[in-house]
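Order of writing sets the chain letters: A, B, C and D. Residues in each chain are counted from 1.
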Amino acid sequence: MSKGRLEAFTDGFFAIIITILVLEIKLPGTDEAIFPMILHLFPKFVAYFISFVIVGVYWVSHHLMMHYIKHTNRTFLWINLFFMMSVSITPFFAAILGEHSTSADAIALYSGLQVIIGLFSNVIWWYATKRGGLLDENVGRLIIRTMWARNLIAPVLYGIAIPVAYSNIVMAFAIFFVVPIVHIAPTLLDFQWVTKLVTKLAAGGQKA
Amino acid sequence: MSKGRLEAFTDGFFAIIITILVLEIKLPGTDEAIFPMILHLFPKFVAYFISFVIVGVYWVSHHLMMHYIKHTNRTFLWINLFFMMSVSITPFFAAILGEHSTSADAIALYSGLQVIIGLFSNVIWWYATKRGGLLDENVGRLIIRTMWARNLIAPVLYGIAIPVAYSNIVMAFAIFFVVPIVHIAPTLLDFQWVTKLVTKLAAGGQKA
Amino acid sequence: MSKGRLEAFTDGFFAIIITILVLEIKLPGTDEAIFPMILHLFPKFVAYFISFVIVGVYWVSHHLMMHYIKHTNRTFLWINLFFMMSVSITPFFAAILGEHSTSADAIALYSGLQVIIGLFSNVIWWYATKRGGLLDENVGRLIIRTMWARNLIAPVLYGIAIPVAYSNIVMAFAIFFVVPIVHIAPTLLDFQWVTKLVTKLAAGGQKA
Amino acid sequence: MSKGRLEAFTDGFFAIIITILVLEIKLPGTDEAIFPMILHLFPKFVAYFISFVIVGVYWVSHHLMMHYIKHTNRTFLWINLFFMMSVSITPFFAAILGEHSTSADAIALYSGLQVIIGLFSNVIWWYATKRGGLLDENVGRLIIRTMWARNLIAPVLYGIAIPVAYSNIVMAFAIFFVVPIVHIAPTLLDFQWVTKLVTKLAAGGQKA
């Protein structure tokens, strides 16, 4: 089964999710002046920004995984669909976060969803690498490990954000901003830093 | 006429439908605490989950059918459009189901729609197999029969759910969950079980 | 400039339009029983059905035109964008039609929009056939004329519906249903009837 | 990394944005007659028209840039995502503009967003031309300069519109209409005029 339609379907899906996020920011019916209204909506823009970037992280990760995956099967389609289902709840939980931005519960709920999405992301990669015939033959252990590491950043950090939210809300939001920075920063250095680190770790792991 | 644009169009359509489903879950305007609100929305999440998975079943089925279909014509485009029209009503009927989850009428309405979608799915396959020149020449009778069986699972089970809803609502919802399980479970076994069963039945049918 | 991205963009657009149509049918907040509510929404379903089918007609027409067009340029992209702009207003005017289904003004407004869409459709074909280098070299005069005839059916019939709406609303709605029937019926006969008719007319035209 | 998925993703995104724009025009619940209601919504249609055309300008520009770009990398994906993020806010700011069309603040806010989108558009082109290996080798200095000029038209004009809005609202709206005209008009002349002008300027620049 070719991977073309799965990619087109998932790309269309991601394009819709990042666009639907902005629909959750609704124009208040009041006669408020423009700039106070925008300031008033500031928490919603923050929730929008965080969600846009994290969905962007998932899309780039999916893009990278599919770069190394050559074939798909029905099980893969279904794992991908459940991954998409978890992503599709993000706009709704982002709306809750934007509406109740000072509520530790809203932050915990949002973080919990991101942990689940991160886990599904790992299930995709786990199935692709464990079941024969899906992965490109030239993909080495280093790439497989780097991708694992990459896919674990978001769920681990969001998992930490859950208890943090109940002691310090500002710190929890700080973690939300750390997630995309960790993903984008090495990208700007063309991943040389991460590649070197993982190479060292992998070398260390092979010695041990 | 190439099948590429039909696939891209249908994939885009399915990607939008599964995303629109979540738009039907709306944030209540009340000052309710977060977790009670989520619990309160639980029936809507159930309707969302059921709809996401059944639309996923239709997408995978369409994917499989198009794998065996090599060409399309104008009639095929129109049959596909009417299939899409029936699918596109799902988010609206899912919203009714989420709002009135204890109403047998809502369950019957939703089930009736799924029966119609299932029938259109079969019309697609019937036209593709009966009219010459659309199907891949290498597609044998076994694959044609397996696809028929596959496309009949959802409409038959949903058809049973209609009378059941008026005697036992929980049972009707149980059927809603059986439909995706029947589709996904054999997938996890790589369809070996179903293939063997159909092979036996086909062998029996050829003897008779 | 390749036509691939234009097709993908237009397909994505059409997929969204036919899905957005159903968003205009909103669940009333009342505690009305399910089936009376569905009956109450009947005019909206009619507006939805008419719009879905006419947008389907435009998509199939676009599909056919692009089948014969091999290249695009910047002017073509812009003509296509204005065609899309006119189509994108359909869900809003369909909502007006569904809300005010007994208003001749609503019918006239909707019909007027369809006339404009039909004219843009013809501008696409006019530019593709008149400007050198866009059309496939093998496309003969017969196909060019058939496409013209095809693209004129909807705007002519909708143009007639405008004055009709002010004398007989039922008749205007009847015209709305005639448009897709005229498009789909010959399709079911594989266009042999239309092809023969146009061949005769073309032959007559060449003699004169 | 191939550019195919980036194009498909961005095309899907643009298709959704231009469709979401129309969702911001909402049917008033009043029993107003049809044509007065449409007249009443006129400012919203103006905001819709301006936004549809400017988003069309961005799409055509992106299309042109990707025509000359042969490869992408992770950094490019992220720059493109931030460009998309800025575009995705357009429907919301268009809604504000449609609701408060006589407010200089609304015009300034909308213009400010367009300046940011224009700058991101230039960052895409800057990165593609400066970093080796992304651009097609055959793309000469003339094309690179023409694209720069093209991408600067919208942000410069919208930047001018910000102070203008506070002295003369009609003039600011006039600038909004000038932007697409400047983009589309040379297109209708097949860009011969712009090409000649830029050739002269480039020739002058090389002499100096």
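Heads up, the rule we're going with is that contacts are C-beta pairs under 8 Å (C-beta built on N, C-alpha and C of every residue); 3 or more make two chains touch, one makes a residue touch a chain.
Just so we're clear, the structure is a prediction, and the values are computed from it rather than from any experiment.
Taken together, chain B and chain D share the touching chains A, C. When chain A is fitted to chain D on its Cα atoms, the angle of the rotation, on a 0 to 180 scale and to the nearest 5, is 90 degrees.
Rounded to whole angstrom, the centroid-to-centroid distance between chain C and chain D, based on C-alpha atoms, equals 28 Å. Chain centres here are Cα means. That of chain A falls 40 Å from that of chain C. Of all residues in chain B, those touching 2 or more other chains are 8, 12, 15-16, 23, listed in ascending order.
Listing the residues of chain A that touch chain B in their complex gives 1, 5, 8-10, 12-13, 15-17, 20, 23, 73-75, 77-78, 81, 84-85, 88-89, 91-92, 95-96, 99-100, 103, 105-106, 109. Listing the residues of chain D that touch chain C in their complex gives 7-8, 11-12, 14-16, 18-19, 21-23, 25, 27, 33-35, 37-38, 49, 52-53, 56, 59-60, 63-64, 66-67, 184, 187-188, 190-191.
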